[in-house]
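The structure is given below, and queries will be raised subsequently.
Chain lettering (A, B, C, D and E) follows the sequence in which the chains are written, and residue indices restart at 1 in each chain.
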Amino acid sequence: MEMETTISLLDIRPLVPELTMICVGLIVILLDLIVRKKEVVAIVGIAGTLVALYGTYKLYGFYEPQSAFSGMFVLDGYSNFFKLIFYLNIILTICISFKYMAIEKASFGEYYALLMFATTGMMIMASAADLIVLYLGLELMALSTYILAGITRKRQRSNEAALKYFFLGAFSSAFLLYGISLTYGLTGTTNLREIASALQTLDLNGSPIMYLGLIFMIVAFGFKIALAPFHMWAPDVYEGAPTSITAFMSVGPKAAGFAVLGRVLFGAFAGMQVQWASILIPMAVLTMAVGSIIALAQTNIKRMLAYSSIAHAGYMLLGVITGTTGGLMSTVNYLAIYLFMNIGAFAIVIMLRREGFQGENIEDYMGLSKSHPLASALMLIFMFSLAGIPPTAGFIGKFYVFMEVIKAGYVYLAIIAVAFSAISAFFYLRVVMYIYMKDPKEEVVLTRSPSMSIALAVTAMMVLILGIFPSFLLNLVRYSILG
Amino acid sequence: MLKYTLIPLLPFLSFLINILFGRNFIKDRAHWIAVPAVVGSFLLAVSAFLDVAGGRDINVNIYSWIVSGSFNVSVGFLIDRLSAIMLIVVTSISTLIFIYSIGYMHGDGGYYRFFAYLSLFVFSMLILVMANNFLLMYFGWEAVGLCSYFLIGYWFHKKSAADAGKKAFIVNRFGDFGFGLGVILIFLTFGSMDYMQVFGEAGGIAGQTINLLGYDVNLITLICLLLFCGAVGKSAQVPLHVWLPDAMEGPTPVSALIHAATMVTAGVFMVARCNPLFNLSEVAMNTVAIVGGVTAIFAATIALVQTDIKRVIAYSTVSQLGYMFLALGVGAYSAAIFHLYTHAYFKALLFLGSGSVIHALHDEQNMQKMGGLKKYMPVTYWVFILATLSITGIPFFSGFFSKDEILWRAYLAGDLGKFLWFLGTLAALLTAFYSWRLIYLTFHGKFRGTHEQEEHLHESPPVITVPLMLLAVGAVAAGWVGIPPIFAEHGDKIGEFLAPVLGYPEGEGTHAQEYFVMGASIFVAVAGWIIAYTMYLKKTELPQKLGAAFQPVYKLLFNKYYIDELYSKTIVQPTLKASDKIILGFDTYIIEGIVNGIPNLIGAFSRKLRKIQTGLLSDYGLIMAIGALSIIGVWIFLR
Amino acid sequence: MVPLSWYIILSAVVFSIGVIGFLTRRNLIMTFMSIELMLNSVNISFVAFSHYLQSMRGQIIVFFVIAVAAAETAIGLAIIIAYYKNNPTIKVDEINLLKG
Amino acid sequence: MEDIIYNQLDYSILSWTVFLPVIGAALLLFIRNVSAVRWTALLFTIANFFVALPLLKHFDKSTYKMQFVEKSEWIPSWGINYFIGIDGISILFIFLTAILSILSVLVSWKSIEKKVKEFHIAILTLEAGMLGVFVALDFFLFYLFWEAMLIPMFLLIGVWGGQNRVYAAIKFFLYTLAGSVLMLVGIVVLYFTSGGTLDILALSSMQYPFQLQCWLFLAFFAAFAVKVPMFPVHTWLPDAHTEAPTAGSVILAGVLIKMGAYGFLRFSMPMFPDATKFFLGPVLILSIIAIVYGALVCFAQKDFKRLIAYSSVSHMGFITLGLFALNTQGVEGGILQMLNHGIITGAMFLMIGIIYERTHTRVIADYGGFARLVPWFAGFFIILTFASIGLPGTNGFIGEFLIIFGAFKARMIFGVLAATGIILGAGYMLWLYQRVFFQDANPDYEASGRHPVSDLNMREVITLIPLFVLVFWIGFYPNTFLEYMHASVEHLIQQMNLTAVAGNENMIAKYITEIF
Amino acid sequence: MTAPQLFFAYFAVMITVLSLLMITRRNPVHGVLWMLVLFVHIAGLYIFLNAEFLAAIQIIVYAGAILVLFLFVIMLLNLKKEETVKKFQKHWLVGVGTGIIFAVFSVSIVRKIEVFPQLGKYTIEAVKAEGNIMTVGKVLYTKYLLPFEIASVILLVAIIGAVVLAKKRIE
């Protein structure tokens, strides 16, 4: 099955964005040594990302899927859309972390470089057409985020977060490898397309060993996107990690996880849809349940948002479960929307952080609306969006997913999902309640910065605009995935 | 047309002006608006009466009120002989009472309000009477109830008054419940609510049945009984009579106008109006008659022992209304209307007279504390005597003619009729007794009130006495339009007048029978008088003795057969208790329990579940591993 | 010949031992080593598959796994050290500041 | 198919009507001065009323078709359009909403002192949401407005409400959300059943299999029943009404809870006629229970506002009863009663708000003898009391009579049972009136040294007058309002009678035997 | 049993026993040392499977670099105390049980594994002819260039990470 391959320089072309990101990452590290003002470093990081974005855009100009490196790397609408999410993710993260990291005293070049490397890892995952590349991309992303989670190393919480994330991540990647090895053993290949055809020709769809391999891979991907029962790390890590990284992690790796999940399940294991759907359905239900229910008892807003992010993963997973392109589109759409609302919410959380004040307790938000009406209003928007109340984008995301789920015939799943979304509304409302309906205990001071304002403006605008005029995003998703 | 519209409209305008501007501008001058309006109405009513008497019935739709699909009801007036008489009764008595009120209510804080309500009442009553369809009649029907509510509770700061008003309204609602359903059933049956159309088609559906909870019920009977429910409520018949005595909490002119002369007779009017329907249902007719008869005797027995002057008259009213229903039930519609008409005068007179007394005694209503007022208030005394003569049925006073007509008609109406006649006659005996008892206790003997009251005793001013005298004329002479045919050919003018609308009662008796009936009623009237005379003027210790001898009976009567207590125990208290304990409990503990319970449960679950998140690395790994294992176990081994 | 399944069974058994180690040890370092054990077990199966499939791919993967393992070790140990500096313990069941 | 008449006017009147408040709200963001905020809000609500006014003039009463329709592409990939229009059922609610919005701004003039700007923004967005619900002809659009409305209402209750406001606000939100998410599922199912359209008119003209109808009916019922609220799911209402600020109560009682009933009319009935008939019995029984139960609970209430809130449960029971009588009178009565209830209860909450401003108590026992202290107030209130009881001459009578008539016509026993509600209604309302206004003034009240109460002032009278005009207008000449409905209601009844399943009765009978 | 099978049996038993030994040692240093022996045995197995290059890497990287790193850290942390306390978790039995069930499950599933796919061209002879390292190298730098480069970035990240976490100045 294996044939000689030659690699030409042309193969590098589709890789331009990734290379740009890596180069910028290196430049940032070097720059860190030269410039004193760390803002410059951050701006270079953003600029580099924009360059990469431009690269993707240029390559993206044609929806024709391209592959390079003997079919290990593909560039198609699917991957490009995910890359778009990653770019926005990193740009917004950098925007919100400026001041914050300075307060945390960790605003140095490596921080931005690691963000870029992590993003590169995600991009590779999104483009991976081979399990090896996928594994390496995943590790690149994972290792970078482990470090980022622990980057404020004077804080014990941060250390602990990194520690837990690392150990469980390594544990889960062992499972991934085990799954890959079984797949490899049965199909003789790691290329996704070849796996698909091998499954057909060798009639492996019913093989329990194949099933085992698939389950192990799902475990690993489920870990990355925090699906119950593999979500256990998420609350702790989200809480302990620096808030900007929490924002970054709650979107990026999750999206990357979905990218590979979609790629693997739809690309390689399309023939086993019945099997994997039957695995994922209880997982999705459990995820929504765990996320929505445990979040109710939380008092730390980061932790609450962590559970909320788990619950959201459950909704997104529904789209994958359908096994239809439409379902995948709905998931992807949800991810894009989730990016804005989640980072927006975290941005507000970050604003409360100031010298000597954590601002992570929900009680800290008491009476915020008195002193900061605008920030409160934005938080309100994000919270309602996360709860999926129209006319915010969160509703569009949920609606699309439910639509596809029902279209695929899983009405009961939709009903379960809406039930949990009603439950989850409670803890979002609680934040709003603290902001608007309680009197402040003490004066809340917000840490402001221009970049933060930009990030907030962008996220809030997108949440509202996409909530009312979702067509743009929907079309983008459609073209990206259907070509 | 405008003329007829103006009849109700004038009082309505008076109401509007008084209620809107009374408080700040008109104040004590309210009667300058109300009295001319009602006098105007009266004059127009007379003119309308003349039109009708001239043979011109008026049936006119003014505008289309409610249109919904096939349902179409107009606001429109029907003035025929029946309503013309009612118009006269209502407007004439209103006029007198308005004038009386000028004096009676003088100086009251809510003077303007009083006249406003009275005007509104007249308007409502006129609508009730003039309506040409059931729904508009229902409008008037409820509106008079509203006015009654306002006027009973006129002195709203008194709890008893507020309670009485509320009671009157709610008890009436019980009746209206049936009435409203009857109206609906009429429309569903006839596809119209116009009297003319309904009555015209009534014959066609005689005998039709309708399935009600599995029983086949005669449609007409059902309709009539439902309508009659309304009448029972409004006209205070057993078992819904309880509100009327309490209604005496209102100012006396109100008692006279609303709770004696006009509103309470609306039920009688309504049944008379619906005679084409009632005629078709023997069951309904018998029900009406029996309810009437029972009420007549029932209320009369209570009146025997009451000590409150107005309450005696109130029970007397209930009793007299019973007579009217008795008449209706035996088909003597015109007799009922005749009695309604005479009763309006003498009963209004009694009330106003008692008002005059109460006024003089500064709101003392207990007859035990009166006595000997004859010399202080001669005019009042004499009009009282005239009214009493009339009500007890002493020949040639108006009450005699109407009551005699009823008893005679009852006598003619078969076995049931005989029984009812007996009841009626017995009631007449009681009536005579308690009426004279009232006179003796109030006007004869020694004054039993306080010394202070005695000093201020005086005859009422002319503004009060003049209406009394005018009413007295009515009390004496109103009956002369209905002299029985055995005394004078065409003496029964009123019966003949109403015959086109109400028909002429069937049944012929011999002269001997008629004299017998008449004699019996005269006999009992005189007998009652003599007994009262004996007991209250000659042997004044006798009542006490009797009361002691028949202690249980006396108590039963004095407490009005405990009907109020019964209702309180069986309806009011259970409702409140059910509301407070059962329903609110259900709401608070069960529904809210579930509603709050589910979130609480989820919350508790949440707090439990978060304990799984121990924070320990190995536990997390364990859960991941177990998760993977269960997936493998379930999907590979159990499949 | 040694059947392929022997290797794979061996791999599964060692993987499970690694899992047991991960789940039971209190010492973070030992836990970490258990993970390495798991990776090694997977490597065995890769190489075995590679051998039996007459394909080079398995060996290549093992190569990458080893490379990643090295990187992982570096980072992991760095994280452990960083943690230890703040809170001098590496007992797994004492690391539970974040929970609930 | 062409059941629509495109906008008869040369400008998009409905869009203006719906979105003018949004513009106002946006404008308010930039105004700092408190009194300027109030005036701007008032201006916009009034302007909104006048912008909507031409609708009445140009509305064609002779047709059931949707009028003033505006339709343009919105989310083409899902086949969703921006599609709005009104018919005889919805037109009146536009005006009810507009009027009540004006009044809620007016009544809050003095009583809202904190976060004035936010308050008025909430009111204006709420108004837009409510108007949107009534004009939306696309399900997606409808749902958008339906849910979006919750946000300002949630804030109104939670921020400016009474003691227990947070609990009430969250309860309100979650309750209604829990109901409407099921509707969302129903909408999506409909979307696929119909082959990818959310056009309400198109969906209404289709016929669905019986079983599907039943499920969908239940899904929609969940949303609407909570909103109405019907019997077992009514408990959010007393809390929300009681705790909301006056303006909130007014809008809640006046418009918001009408939307459930509106939903029945607009969706449940025309789309699922068979299911509607199938579930008719239970729904009617629930309505009856609501009437009697709501009335009985009122007897036990000690809180002024709470009593009125529970009375709403009873009155809404009448409305659902009328609607599900499924005949012209019942439905028209129901619609009219929706309007009436909005007017009466809206006015009652206005008045309670006014008196609360002066006494700062809502406990009935604290009142007493107020007819003496505030005679004009008492006078106005007694009118409302009797309108609420359904006295002829007031609007309440017309509505209730038509409803009972319709119910009686449909099934006699329900008419009879509903009529008992009228007796109970008189009972608790008059008792309330007596306790508050009659008898002597509560000695504790004066002893506690509370403020002397003053009677209505000019602003308050002006606030109330329009509602009282409507009370009597509808009472004496309801045709002005009924006329608008005739064609649409007739059409609705016709649609109801077109049963999708052949031999429907047998089908239902078969189903019942299967279930038991 | 044939010779290769006996050979395999030795390695298999040793690997299993060594793994168990490794995870049960109280002293981490002992654990590391047992692991070293274990890696050597695994390397032996690799040779047995004709993967000489990997065997070398296994020794060089795993034994030579990774385990040494472990030792360093253990020394650095100076875990004297650790030796006296319990070495297993409180509910270690659950962990053991889970692991055993895991083993049972996976073994029972994979025990019937066979080589399904069409075989590749890298027969033992072909590889031998070219030399194992040569073959690996050729493939690695042509077909697997991309992963190789990614691996380099991963290592870079590891360096940065180690520096950031262990050294970087944070006031």
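Keep in mind that, in the parts below, contacts are C-beta pairs under 8 Å (C-beta built on N, C-alpha and C of every residue); 3 or more make two chains touch, one makes a residue touch a chain.
Bear in mind that the values here come from a model prediction, so they are computed numbers and not experimental data.
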Those chains which touch subunit B and also touch subunit A: C, D, E
Central chain of the complex, centres being mean CA coordinates: D
Label of the chain whose CA centroid is most distant from the centroid of subunit B: E
Of all other chains, the one whose Cα centre sits farthest from subunit D: E
Centre-of-Cα separation between subunit E and subunit C, whole angstrom: 7
Distance between chain centroids, defined by C-alpha means - subunit A, subunit D (Å): 43
Separation of mean Cα positions, subunit C and subunit B [Å, integer]: 96
Distance between the centres, which are taken as Cα means, of subunit E and subunit A, whole angstrom: 31
Multi-chain contact residues (two or more partners), subunit D: 174
Contacts with two or more other chains, residues of subunit A listed in rising order: 1-2, 132, 136, 139, 143, 146-147, 150, 153-154, 162-164, 167, 171, 182, 185, 188-189, 208, 212, 235-236, 297-298, 426
Subunit B residues counted as touching two or more neighbouring chains: 599, 610, 613, 615, 617-618, 621-622, 625-626, 628, 632, 636
Full enumeration of touching chain pairs: A-B, A-C, A-D, A-E, B-C, B-D, B-E, C-E
Parts of subunit B lying in touch with subunit C, wherever the complex brings them together: 610-611, 613-618, 621-622, 625
Touching residues on subunit A, where the partner in the complex is subunit E: 1-2, 4-7, 15, 22, 29, 68-70, 72-73, 105-106, 108, 110-111, 113-114, 117, 120, 124, 130, 132-133, 136-137, 139-140, 143-144, 146-147, 150-154, 162, 182, 185-189, 198, 202, 204, 208-209, 212
Parts of subunit C lying in touch with subunit A, wherever the complex brings them together: 4, 8, 11, 15, 18, 22, 28, 31-32, 35, 38-39, 41-42, 45-46, 48-49, 52-53, 55-58, 60-61, 64-65, 68, 71-72, 75-76, 79-80, 82-83, 85-87, 95, 97-100
Subunit D-touching residues of subunit A, taken from the complex the two chains share: 369, 373, 380, 384, 389-391, 395, 399, 402-403, 406-407, 411, 414-415, 418-419, 421-422, 425-426, 429-430, 432-433, 436-438, 469-471, 474-475, 478
In the complex with subunit A, residue positions of subunit D that touch it: 74-78, 115, 118, 140, 143-145, 147-148, 150-151, 154-155, 158-159, 165-166, 169-170, 173-174, 177-178, 181-182, 184-185, 188-189, 191-192
